[in-house]
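Letters are used for the chains, namely A, B and C, taken in the order the chains are written, and counting of residues starts over at 1 for each.
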Amino acid sequence: MSAAFRVAHATRSSQVGLALASLAVVVLALAPYWGGREHLRLLAEIYAYVALASLWNLLAGYAGLVSVGQQAYVGLGGYALFALAMLAGVHPLAAVPLAGALGAVLAVPVGALLFRLRGHYFAIGTWVMAEVFRLIASQVSVLGGGSGISLPAGIVTSMAASRQMREFLVYWAVFALVVTVLVAIVLLLRSRYGLALTAIRDNEIAARSSGVDVGRIKFAVYVATASGTAMVGALIFLQKIRISPDTAFSVNDWTAFVIFITVIGGIGRVEGPIIGTAVFFLLRQTLADLGSLYLMMLGAVAIAVMLKAPKGIWGLIADRFGWQLFPLERRLVKPTTRDA
Amino acid sequence: MPDPLLAVEGLDAHYGDFQALFGVSLKIARGEVVAVVGANGAGKSTLLQSIAGLMRQAPGAILLDGEAIGRLPAHAVVARGIALVPEGRKLFPSLTVEENLLIGGQLGRPGPWSLTRIYELFPMLAERRNSSSTTLSGGQQQMCAIGRALMSNPRLLLCDEISLGLAPIVIRDIYARLPAIVADGLALIIVEQDIMQALAAAARVYCLQEGRVVLEGTPATLTREAVAAAYFGV
Amino acid sequence: MVYLNALIQGVLLGGLYALFAAGLSLIFGVMRLVNIAHGDLIVLAAYVAVLVMQALGLPALPSLIVVVPVMAALGYLLQRLLFNRTLGADLLPPLLVTFGLSVIIQNGLLEAFTADSRRLQAGALEVASIRLGEAVSLGILPLLQFATSVALIAALQLLFYRTAWGRAFRATSDDRAVAELMGLDVRHIFGLAMALSLAVVAVAGVFIAIRTNFDPAIGPARLIFGFEAVIIGGLGSLWGTLAGGIILGVAQAIGAELDPGWQVLAGHIAFLAILAVRPQGLFPKVLS
C-alpha cells in the first residue's frame, strides 16, 4: 500500500538556518557571562526591536493590517507594568504577562472600532487611538500625569539581591520574550492558520473565496499582536525604569523605526525583521550622532527601498537564492510506492 | 492592400508569463468595416487593447497610416484618431450621460461628431442626458459608450463585443445604426463572439483561435463550416 | 453663555479643520491615496510663508500670493516624481512612502529652522474683533478664515462638478484605464490633483501659522484633525467634510471649556463616538 502525500517544510538553507539559530540562542543566553553591562543593554534593545518588528510584520506583512499606531500597546504595556508594580504590589516580572493579557483585552473593543475603517484610513485610525491612549495617560496623575514617573527604588531592588543580578534577570526576560515571539510566529505560520495567513498575504480575495474566514483571522492576529507588543513594552520600560506619556507612546521610537526596520529587512517574511534590525542598529551605531539628518536618511532609505526593492533585503536574497532561515516552506512530497 | 489605415504586423502579447497573441497580422483600409471573431479567450480583446494603447507593444507591430504606434500610451493613441469602445461598456459611474459623452470629446479633435449629432443618432440618450450613467439599461449604456468613443472624432473605431449581455432586439437596434456611424468614412473593427451579426456587417473577417489568426476572408468566400471549424478549432 | 462663546469659536475653528480635511479627501477621492505627510506639508507651507515674508517683506496674508503657487508646484512634482510610482493595488507602498516623506519633512524643517516655535504676525487683524452682546466676541481673523474655508470648499465643489477639469478628476477616479482611453494623461491628472491639494494646504498652513504658534512637530496633529473631520463628515462629500470639521471644532471647544487639557481628547472622543455609532459618517456621498 502506498504512503500518503506529505508536506515538507525544511530545506537545506533552513537546516543551516536552524543550526545557526540554535547556536545563537545558546551564545546569547550566556551573554551575561561574557558581555559587559553596555552589551547587555544594547542586546536587550535589539531583542525588543526584533520582537516589535516581527509582530508588526505579522500584522502588516501577513494579515495586511497596516498599523501606524502600535505604540499604543507599547505604552499600554509600560504603564500596565508600572501600575501593577506600584499600585498592586505585583512583582515586575510577573507583571509582564499580565500586561500582555491587558493588551489583549483592550485590543478587542479597540479592534472592533478600528476595523470599521479600511486600508489607509485604518492606518490613521490606529494613530488616533495611540494619541487617545497618550492623552489619557497624561491625565492619570497617580502615574505621573504629563511628566511621567520613575519606578520606586524599593520595587527595583525587590527584584533581585544585587544590581548585577537585576540586570541579568531583565536581560533574560527580554531574551526569553523575543525567542518566544519568534518561535510562536514560526509555529503559527507552519500551522493551518499560518497557511490561511499566507494566503491572505498573497491574495485576500482568493483566500476568501477558498473559504478562509479572513475577518476572524485578521482580528485574531490584531489581538495577539497587541498582546505581544504590550509585553515587549512592559519590559522596555522596566529596563528604562522611567516612563512618561511622550516616551511611552512615541511614534518615532515605536512605529517609525519599527516600520523602517521591517521594510528594509523584508516585509512578509519572518527573516525580514531580523535582518532589518541588524541593519538599523549598524546604521545607528555609526550615524546616530547626526540627529535629525540620520532620521531623514532613514526616511529616504525606506522610500528608496519601497520604490526599488519592495521586498526588502531578505526578499532580494530569498528570491535570488531560494533560501529560507526557518522551515516554513511548503512542498508536496510524492510518496514512494512499495508493494504491501 | 496599398496604404492601409491600420496595419498590425506579427503582434505578440503577454500577460506576465502567459502569451495571449502569437504573431497576429491584420490590415484595415480607410472606411472599411472588418470583423474579428473567435471564442472566449481567443485573444480578441487583447488585440483591441494592444491597438488602443492599453498594452504596450513593440513600436513597429502596429502602424497607423505608416506611423509606428505600438509603444504609445492610450492617451496618445486616442489623440491620433483610434477610439475604443471597451468590453462591458465601462461608462464612468460618477458622471452623467452627457458628462460621459463630453469627456469623450475632451481632446477636442476636429471632425463631424458633436453632442448634437450623437443625440440625433441616439435620441434616447438625449432624454436621459442628465441622469447618472448607472441608471441606463444595458442597451442604452452601450449606445452611450459608442457615442463617447465617437466624440473623439476617430478615424478608426474599435468595438469590443458590443452585443455582450444584450437582448437580440437591442443588438439589432444597435447594429442598425452602424451605417450611420461609418457614413463619413470611419473605419471600424468589430470584435464579436456572435458571428452572424459580425458577418452581416463586415466587408472582411478575421478569425482568431488561441491567439493566432486561423482564417481570413470576405463573408462571401467563407463557408459557414469553414468559419465554425476555425472558431472552434476542430 | 460661556458655552455659546465656545460653540461659536468651535464653529470658526471647524472651518480651519475643514480646510485640512478638504485637501486630504480630494486626494483620496481622485487617486485613493492617503497622504500621511499631509499635516507636515501644512507646516512646510507655514515655513515657506516665513521665508517669503522675510525675503519679500510681505505681510502674512498677502504672502499667500507666492506660497500658494510654490506649494502647488511642489505638489505636482511630488506626485509625478514620487507618488505616481507608488499607486497601484497594494496598500503598503503609498502609505510607507508618505510616512517616510513625513519623517523627512519634519526633520528637514527641524534642521533648517530649529524646534523654536514661532508665529506669523498679521498685525492689527489678529486682535480685531466684533462684540455680539455681553459674552460673545467674534475675532475678525477667525471669521475671515472661516469665510475663506467655506468659499474654498464651494469653489472646489464647483470645480469638481461644473468644469472639464472636474470631469477629468471624477472620471480618472472611477476608472484609470478608461480615462486614458478618453485621451487623459492620468499621470498628469494626478499631478494636477496633488497640486490643487497642496494649494489648499498652503492656505491652511498660513492660516494656522497666524492663529497659533507652530514648530516642525505639529504636522501629525493637523493630519489627525483633518482625518477626523473627513470621517465624521463622511467620505466623498466636500460639504460633509465642512460639517465634520465644524463638529470636531465644536467638540474641541466644549472640551477646552471644561478643562484646557481636554481639548484634543474631546475631539478624539467625538470621532470615536461617530465611528462607533455611524461609521459611514454623517453625510456620506459614496458608499465604497
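The criterion applied here is as follows: a residue touches a chain if its C-beta (ideal position, glycine included) is under 8 Å from a C-beta of that chain, and two chains touch if they have at least 3 such contacts.
Predicted, not measured: the structure shown is a model, and the values here were computed from it.
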If you take the chains that touch subunit A and keep only those that also touch subunit C, what is left? none
Which two chains does the highest number of contacting C-beta pairs join? A-C
By C-alpha centroid distance to the whole-protein centroid, which chain wins? C
Taking mean CA positions as centres, which chain lies farthest from subunit A? B
Averaged-CA centre spacing for the pair subunit C and subunit A, given as whole angstrom: 34
Which whole number of Å gives the spacing of the CA centres of subunit A and subunit B? 54
Please work out the Cα centroid separation of subunit B and subunit C, and write it as a whole number of Å. 44
Interface with subunit C, subunit A side, in the complex: residues 60, 64, 66, 68, 113, 116-121, 123-125, 127-128, 131-132, 135-136, 138-139, 251-252, 256, 259-260, 263, 267, 292-293, 295-296, 298-300, 302-303, 306-307, 310
Using the touch definition up top, name the residues of subunit C that touch subunit A in the complex. 28, 32-34, 36, 82, 85-86, 91-97, 99-104, 107-108, 110-111, 220, 223-224, 227-228, 231, 261-262, 264-265, 268-269, 271-272, 275-276, 279, 288
Subunit B residues within the subunit C interface of the complex: 52-54, 73-75, 78-79, 83-84, 86, 90, 92-95, 99, 102-104, 106-107, 148-149, 152
Touching subunit B in the complex, subunit C uses residues 164, 167-168, 170-171, 173-175, 177-186
